[in-house]
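Before I ask anything, here is the structure I am working with.
In this document, chain identifiers A, B and C correspond to the written order of the chains, with residue numbering beginning at 1 in each.
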Amino acid sequence: MFGYVIRRLIAAIPIALGVSMICYLLVYLAPGDPVQTLLPPDADAETVDRLKRLYGLDRPLPVQYIEWLGRVVSGDFGRSIANGRPVIEEIQRSLGNTVLLATLSVLVAFSIAFVLGTIAGRKAGTWLDRVVTGVAVLGVSVPNYWLAIVLIIIFSVELMILPSSGTAGERFDPTSWEHIQYLILPVITLSMIPVGIIARTTRSAISEVMNQDFVVTLRANGLPEWRVLKHAIKNALPPVLAVMGLQFGTLMGGSILVETVFAWPGSGYLLSKAILTRDVPVLQGTILVLAMIFVVTNLAVDLIQSTLDPRIRRG
Amino acid sequence: MSTAVSDTAAPDAAELALPTQRGYWGTVGYRLRYDHVTLFFGALLLLIILAAVAAPLLAPFDPYQESIIRRLKPPGYQDRYWLGTDELGRDMLSRLLHGGRITLTMGILPVIIATLIGGSLGVLAGFAGGVVNMSIMRVMDVFYAFPSVLLAVAISGAMGGGAVNGMIALTLVFIPPLCRVAETATTQVRNLDFVDAARATGAPMHLVVRHHVIGNVLGPILIYASSLVSVAIILASGLSFLGLGVKPPDPDWGLMLNALRQAIYVSPLVAAMPGIAILITSISMNLVSDGLRAAMDVRS
Amino acid sequence: MAMTSFAVEENDGRDRGGPRQPLLTVQGLKKHFPIRGGIFGRVSARVRAVDGISFAVRKGETLGIVGESGCGKSTVARLLMRLIMPDAGEQIFDGDAVGERGGISVAEMRRQVQMVFQDSASSLNPRMPVQNSIAFGPIALGTRQAEAIGMARELLVKVGLNPALFGGRYPHELSGGQKQRINIARALAMKPRMIILDEAVSALDKSVEAQVLNLLQALKRDLNLTYIFISHDLGVVRWISDRVMVMYLGEVVEIGPADALYASPRHPYTRALLASRPALDPDQRREEAPVSGDPPNPINPPAGCRFHTRCPHAEAVCSARAPMLSAGGDDAHLAACHMQDPSSGHSQALRH
């Protein structure tokens, strides 16, 4: 087991390096001189030259990359073009909000989807199953930025019971309704896709257990239904939890649209603003951090899962 | 003919009673004919695509024609603007029809290109194995390490937006998963006996791959690609929604949705319409893809 | 022979060395599969699937290869076809070294040697009508499509299937026996001189198996073929083979004429294998205890004689030294056992 953990950790290093390389090269994808993208458009020639030297942009690309990597590892992501503040501070301030949003969304999605999936899996093939499967398809088919707008129309515009966007303040206070009410619509919106995915996973895991020969035999012999269900849930839980973990990573990087609609001050909103203002240092830094979180989440899920079930070990 | 051979093999009754020769695609078609859900949504999808293709013929008005006096009118306005008008007074129905062309293209084209590139790379990796496989798949792993939304936003954001850049970004997003599916399918197929038998004839590799590998990996790849179209349409609209895809005043469902956000207090029904178009398309695509998957599953 | 395309002239034009030269000679064939593990995925162990085996196949004979599953017999088949590359060893086909300078290329060898796989879901391309599967090889090597399909339909007749009824069918529309006939036709399409049959009838029902075996015998006579017949079924191997080779953990333990080997097996492993068959005739029962348990792991085969861990006659010498294939009086019948060798120091050496 220990050897496996070490091997997975080592295998993650080239991936993390590759991810950082792509993030670094993003600057070069931008049209024009990379320096231009690091500076406001009205910067004078002297500033451009100074920055070129400062960032070593006159040297070969691999050297530049390694120096950039060194700075990034020590926490220096450069400064925002829009407001001149260090990128790392901007990310630190917004990341917590996105973690909060993603965590709550995954938990909400799990509670709904696990129940739905279990019902469908037990009654595979019935109309109930079809309804749940339909809901699951709807969940993964709905564009969540549209759902966000629809929810705002219903709850903020028509019913006027929830705020349409923003927050109650910089620091989130979990005891205050004032703060919580701003979270409700974003969390519901963001949980739609995971609901669809988790419900599907649960359904197939449960129905697989229900169709196992020994379960069929036990049921035929009069084993109480709740015992059968307990067994099925115990078997279905590991894959479902794994999917849940992966969804957390996906939401961390995928909440940009929903955060934009709700003006939720998370890393996605930060990214969206950076795109509008062409603030490349912020864009680059945020994407790097979110992608690294995704890599780490996937790795963690893989390791936890392989601890629980050694059969699924990879490579 | 040698008598010794033929007398060992008098055809028995069971041989003659076998079902008619339907073939693989015949069986798939036969199954689909009885899958009403897939048929219905397939027809719906076809209708949407046809409407998009024929948009210039079907659209009652010029989708770019603005008017200050008929901004944000509700559906049925003047009995001619059946779906109402948008924030600049343009006819919604015309814009939705024309928008379908752009949105569907933005969604489908990247998947097609990614299928060609990713599929070929995957087949190559799967069939060649060894170092070739390693080098292709490790690069894919790196792209795989990004959530798809983030990667699309990162690439098109860095490239500065626009419909073409958006499509390039989406293509890059879909190459790795398609490559992985193709690689897995090819690795499975290449170890089957009939591929060994074909190799044992001394036939050149490219013929073995073309006749014995491609046909058997195409199914899984195409099914997977079809399931990506719905994701692609949502992502493409999402990029336009963020201002990274199609630029105004072109009608694109995602872009329209974003532009109409300011109108939710005045005309919520119209504001929701582009999203409904995306939703219906993406549901249809998902269900058709599921139906195809079930019909093409030879085991059942 | 009305249609001459498959008639084999009395003297095959491709025959080079005459009837006395073996069609195939194999020397020191070896294949170790690496197992990767550890932190850096290094090769941590090797499965010694085929560990230096040598044998010859004479023109026109059938050599049977038997052994438990995992003994390496199927790997031998794939090595001989070069579907996997051997680590070491020499393969001489009718006097020409295969894949070596001055010899014949692998492609040229494959034109003369074909293989029939075990009937399974994967032995035929599920997306291809069977006549196209048969015609694939000739088409790939330059025969015109129409001509190759015509030839395939002739071959269907030859293996006892009505081309009008079966030619356009897909594999899932055929029974196991029919699929195996197609597999045979596919091999014949290359007009081979030798066919390697790897568990070719093992998955079939007994009655169908007999039909296919009869077909194979008839084809061999008609087309002047040489067979290597690989199977775990000792009865079938005896029926079809002229000579039999017994493999254990990647090595040859005994080889000899079928009748002699079955009547007086010399290696304890062969005796145990024969004893483990269900005996139909109670008088034929042997005293040897059947082999019990599973064969040892081919990753770390036992030192010395690989069979000593399961052998009732094992002595110190058996775990100390590996025995060589030796004749013990009959040059055609060899066994790798210390008991065959009077100088080995084994207490039961040559007493039986």
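A few points about this structure:
Keep this in mind: a contact is a pair of C-beta atoms (placed from the backbone, for glycine too) under 8 Å apart; a residue touches a chain by one contact, two chains touch by 3 or more.
Keep in mind it's a predicted model, so treat the numbers as computed, not measured.
Taking each chain's centre as the mean of its C-alpha atoms, the one that lies farthest from the centre of chain A is C.
Among the chains, the centre nearest to the mean of all shown protein C-alpha atoms is found for B.
Chain centres here are Cα means. That of chain A falls 55 Å from that of chain C. Chain B and chain C have Cα centroids lying 48 Å from one another. Per-chain CA centroids place chain A at a distance of 24 Å from chain B.
Residues 1-3, 78, 81, 83, 106-108, 110-111, 114-115, 117-118, 120, 122-129, 133, 136-137, 140-141, 157-162, 165-166, 168-170, 172-175, 178, 181, 183, 186, 189-190, 211, 214-215, 218-219, 221-222 of chain C are the ones touching chain B in the complex.
Chain B makes touch with chain C in their complex at residues 1-2, 4-6, 8-11, 14-16, 18-19, 21, 23-24, 192-194, 196-204, 207-208, 211-212, 215-216, 298.
Interface of chain A with chain B (complex): residues 14-16, 18-19, 21-23, 26-27, 29-31, 137-138, 140-143, 145-147, 149-150, 152-153, 157-158, 249-250, 252-254, 256-257, 260-261, 271-272, 274-276, 278, 280, 283-284, 287, 290-291, 294-295, 298. Contacts from chain B toward chain A in the complex involve residues 138-139, 141-143, 145-150, 153-155, 157-161, 230, 234, 237-238, 241-244, 254, 257, 261, 264-265, 268, 271-272, 274-276, 278-279, 282-283, 285-287, 290.
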